[in-house]
Amino acid sequence: MRPSQRRPDQLRDLRFTRGFTKHAEGSVLVEFGDTRVLCTASVEARVPPFLRGQGKGWVTAEYGMLPRATGERSPREAARGKQGGRTLEIQRLIGRALRTAIDLDALGERTITLDCDVLQADGGTRTAAISGAWVALREAVDGLLASGALGADPLHTQVAAVSVGVFEGEPVLDLDYAEDSKAETDMNLVMDADGRFIEIQGTAEGVPFARSELDALLALGEAGIREIQAAQRAVLAD
Amino acid sequence: MRPSQRRPDQLRDLRFTRGFTKHAEGSVLVEFGDTRVLCTASVEARVPPFLRGQGKGWVTAEYGMLPRATGERSPREAARGKQGGRTLEIQRLIGRALRTAIDLDALGERTITLDCDVLQADGGTRTAAISGAWVALREAVDGLLASGALGADPLHTQVAAVSVGVFEGEPVLDLDYAEDSKAETDMNLVMDADGRFIEIQGTAEGVPFARSELDALLALGEAGIREIQAAQRAVLAD
Amino acid sequence: MRPSQRRPDQLRDLRFTRGFTKHAEGSVLVEFGDTRVLCTASVEARVPPFLRGQGKGWVTAEYGMLPRATGERSPREAARGKQGGRTLEIQRLIGRALRTAIDLDALGERTITLDCDVLQADGGTRTAAISGAWVALREAVDGLLASGALGADPLHTQVAAVSVGVFEGEPVLDLDYAEDSKAETDMNLVMDADGRFIEIQGTAEGVPFARSELDALLALGEAGIREIQAAQRAVLAD
Amino acid sequence: MRPSQRRPDQLRDLRFTRGFTKHAEGSVLVEFGDTRVLCTASVEARVPPFLRGQGKGWVTAEYGMLPRATGERSPREAARGKQGGRTLEIQRLIGRALRTAIDLDALGERTITLDCDVLQADGGTRTAAISGAWVALREAVDGLLASGALGADPLHTQVAAVSVGVFEGEPVLDLDYAEDSKAETDMNLVMDADGRFIEIQGTAEGVPFARSELDALLALGEAGIREIQAAQRAVLAD
Amino acid sequence: MRPSQRRPDQLRDLRFTRGFTKHAEGSVLVEFGDTRVLCTASVEARVPPFLRGQGKGWVTAEYGMLPRATGERSPREAARGKQGGRTLEIQRLIGRALRTAIDLDALGERTITLDCDVLQADGGTRTAAISGAWVALREAVDGLLASGALGADPLHTQVAAVSVGVFEGEPVLDLDYAEDSKAETDMNLVMDADGRFIEIQGTAEGVPFARSELDALLALGEAGIREIQAAQRAVLAD
Amino acid sequence: MRPSQRRPDQLRDLRFTRGFTKHAEGSVLVEFGDTRVLCTASVEARVPPFLRGQGKGWVTAEYGMLPRATGERSPREAARGKQGGRTLEIQRLIGRALRTAIDLDALGERTITLDCDVLQADGGTRTAAISGAWVALREAVDGLLASGALGADPLHTQVAAVSVGVFEGEPVLDLDYAEDSKAETDMNLVMDADGRFIEIQGTAEGVPFARSELDALLALGEAGIREIQAAQRAVLAD
């Protein structure tokens, strides 16, 4: 039995709140149970130096965790003077995943920055961030389309992500912290609207995992992502 | 007429939401109109090196702003590799103000860190942070008293803060961004429960101000702080 | 009785030495008793990026303390790899105060940097720095006028600063380190030639202060600043 | 046809040179074609602070690339003042993978640091680093066993890694730079001696990949890793 | 007797291996006994900001030591976040020495960066680096001449370097680590093809040295450098 | 003729002012013409980690330049966030030179830090710093002897330094900035009371120098250092 009493293939309560803050071109609070991540999309009319003058755009992400988003306070990265390896790894993943969904040439010379800040952590912050960031990105692109800044939609697919893992010998979907901290295997999946993989990252925590476990985890994740994508569409349809 | 249609001595809508996040010993979302700051108090059983072995405690603060809390995205301090001068100045002010309210000897060898993170900025973030941090600190100390970790209450007064300023020639209370960005004089006041000053910081923006203006600003601020302190007590009484 | 045997309203011996070093466009050693700060004004024909192409100038300040300016050696900030919060706060104050005195449009596209380096510290280094920096700035602007680089004087008022505080229950002027380290309230005042406030920063050290104390401190400070301004004018007249 | 004329399931020429440098407890130059990585294992009789006094050991890795290991010179990370996100991500992967293979309790209070420095890069440096680091780790542990410092072998499995990817529509093994820079999908696999997964990291470069492609890549990678593990055993048997 | 059984005026086995890596315009592994330094020369079509638009070039050097190049592992400078004083001193020396040999005007607007990375250290790494870097620089300039990018040879002299020192009271040439770590005096000499001095750096380690000792060291060094220059010419003639 | 009208073997006006600041255990302003360096010696009852518990002491130096000590303002190192290579090189030289003069075992577990801050630069700041730092060190050690903290004098020799160089083809002593910026060869000499070398650092600026030039420079430097040492003794005798 899972600590949260969920079935193995059951997501946590999932909620996307649009317009959570007022300044950003896209702003979504995403909640997977007690995990809460604020995702904003900021549109700026410039691109990084390596893209200048090419007429194409850029999508990038930054990730942060409020110091007391976690059970024990963790040091503020701004005060320590650098982002840790985990932070850099996560924000590289978010940016890479969303760039797969967008046609940068069609975006034109603008940068969309996705800031994903964890207000409260309870496992699965990086996959929540990706799922929320896609909604914020969709909002921001819709704004550009509505204002006429863009004539055609550069965002050609939908992106969502979820974690799966082996907890007490059983494959489970959408691990919370109680599961994640004891999982034998931890895997993050990012998929598009057609059920194809954008990213798959699986790590053995202590014990290596067999191909059969991998297959079971992939099946759980695929189903979970379909549910998340339905929720993304629902909130955008409101 | 103020851009927000408020009277000169009128605060913005003020709200303290307790328990906004679940992990911290104190956690308050404070809102002054559209300014929203998440204040958490974290209790840790250790003190900084300069206090070790003296049996006394420490209270400190850190301040941050989410990159898109503002109208234009500002660079993430963690990514830039250092906290800016403004950030350091504000968090030093918050920590200093709250240490005035607490008996560090009575706190014992523990540190309470007040993290004030601006989710949305519309002027007056530092005074909102002080007012919210006091509520979070009160919650955290109440927890220590309730658990028996502390026998007597070390928090001996109530602290609140507000900004006042001269906008279009007239002294006004609790400036929002539209006023703050054009104010001729900007002043932050921090006071205790007896209406005495903990901190007063007044800055001429362009035009120096006369003693008579100072007196008018102080009167506005005192009245405003009494209202804020009433709201703090009300939310704690719930 | 004050440790220095001074009356409550008595400044320390005050001295401005012009031309203390030879390279800078303005160079003044300011001494308030044993506090000695070297203030130089450097004129450069460029402005920071945010002002480029607007035809206006900039005035900024940097503050430093030699490692052994103090009773105990403090670590060199250059070796530690960053300026501390106190340093940043002070140099922001100096720059802000002096910008109030000058018409940046009339200055033209040039930057004047005021470097205030404490050779020996005995309390009141930031207010000494402001008072000295104004003389160095005056020298530098006079040089621009003399050479014809400027046709009209952009420096429209005189700026001086002093500290006041409550020591052993009594308001006193111009605290030295022996007083400052035990003061109950510490306040820095910056004023212009007309006795108006440019900045007021008062901090309760432990015990909050009443309005009546504030009034007494302001009165002491105003008188002290008039004396300092007279000394500034005298040294410039030499 | 692959640029290197290899069959889809063909590794590059693979070479492990033991004792490449003389000071380290383990020192291996690993070559996958033109990719050359020097892997050293350093044994030190201390552990990081979070493990002190627990009687258990630690294995960690650091990764670096000489500035001109690549076709265009890349800036030296030591001169830039920080390790980039890619570097941190890779060294976290190497350390995590090798910790899976060793019993840290049995290692005792010592740290083994695996330094993986790329002398020449031609694709696949991270997987080469893992494969080489395992040999260096094996050497270092053998030294501890030979000297009697360890009584039982804490290294309980063999670790190797390889990259696979989709190049011009076809799944291929062990991509060199010419392939890697154009691959549609890029995947790194780390496996143990029993063919179980330690890590799987797959990234769509542009086009998401289907489950069938994933299966084909996994099959290629498993076979490749068996070959690499045979080569590791052969060089250790010499 | 020297620990290595060498005569006082005897160099260690000296070897220059050209083309050690494939990407750089010049690439030489230089070995003085067990000291091994990889020197690469990278040609880039741009100059540092202070030289822009002047039509002249730049030659600079960077030095690094792999963490386990030494008997005890030393922390990786990239991980520590800065290059140490010794590193900066050495790379400034290498760059300065090689700039003496080249006509920067004749080089045109390009930068040649000499990266000197110590793979294994056994004393004398900085002088080995200079001697090897000159060969790599020669290779890079020859490439520019061969391709027609340069019409005339800007490299007008040959540069080599060696260390000399007083070990157990006797002047010796080319100290290895066993000698260097106990030497009373340590001196590095850099000379041109005409036996003139480019740099001389002598340091008393504990006991100051007399003029007569200086003369003896200079004589040893001059002879040693002639041998090294012959070896440089021999390897380039191959 | 030298720009300063001096004879080739003539020092600039030389002055040591003792007690220039009041807090440090040794405090000397040294002036070589317009070059002015404040040298303080700070005694602290602790040693760096690598010396702890060995009963021996440490002498180290830090060097800094006020931003406007020079003709053009140079950026403040504390603000840039690191000390430059030149600074590190100079402070390593100063520390090394003075450690040669003192018996660290006899000093006991204390650190003496020599802070050398250039108030005004006109060439030769590093050699002035060494010459001044020795006087400050002598003062600090005399204080330890006078207070009985030390029973025997650990400072066993006198240290002074000077620069020599080839200016317009002629060897000259004690170069000022006008000469230094055009010198063909630049050499810094540090010697003890017996005329032996502690450090010799000669650099060809553009044109390599012959042995005969070296001999001429050494002779000039030796005579200059004798004069400086006489001045050091004279000021200490006052």
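Going in written order, the chains are labelled A, B, C, D, E and F, and every chain counts its residues from 1.
Just so it is clear, contacts are C-beta pairs under 8 Å (C-beta built on N, C-alpha and C of every residue); 3 or more make two chains touch, one makes a residue touch a chain.
The model shown is predicted, which means the values in this text are computed figures rather than measured ones.
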item	value
Any chain in contact with chain D as well as chain E	none
Distance in touch steps, counted as few as possible, from chain C out to chain E	2
Fitting chain E to chain F on CA atoms, where both chains share a sequence, rotation angle to nearest 5 degrees	180
Centroid spacing, where centroids are CA-atom means, of chain A and chain C in whole angstrom	50
Centre-to-centre distance between chain D and chain C (centres being mean Cα positions), rounded to whole Å	59
Set of chain B residues in contact with two or more other chains	81-82
Arrangement of touching chains [line / ring / star / complete / other]	ring
Order of the ring members, counted from chain A so that chain D is second	A, D, E, F, C, B
Chain F-touching residues of chain C, taken from the complex the two chains share	21-24, 27, 34, 36, 38, 40, 42, 44, 62, 64, 66-71, 73, 76-79, 81-83, 87, 113, 115, 117, 119-121
Chain C to chain B touching residues, read off their complex	82, 85-86, 88-89, 91-92, 96, 100, 157, 191-192, 194, 196-204, 206-211, 214, 218
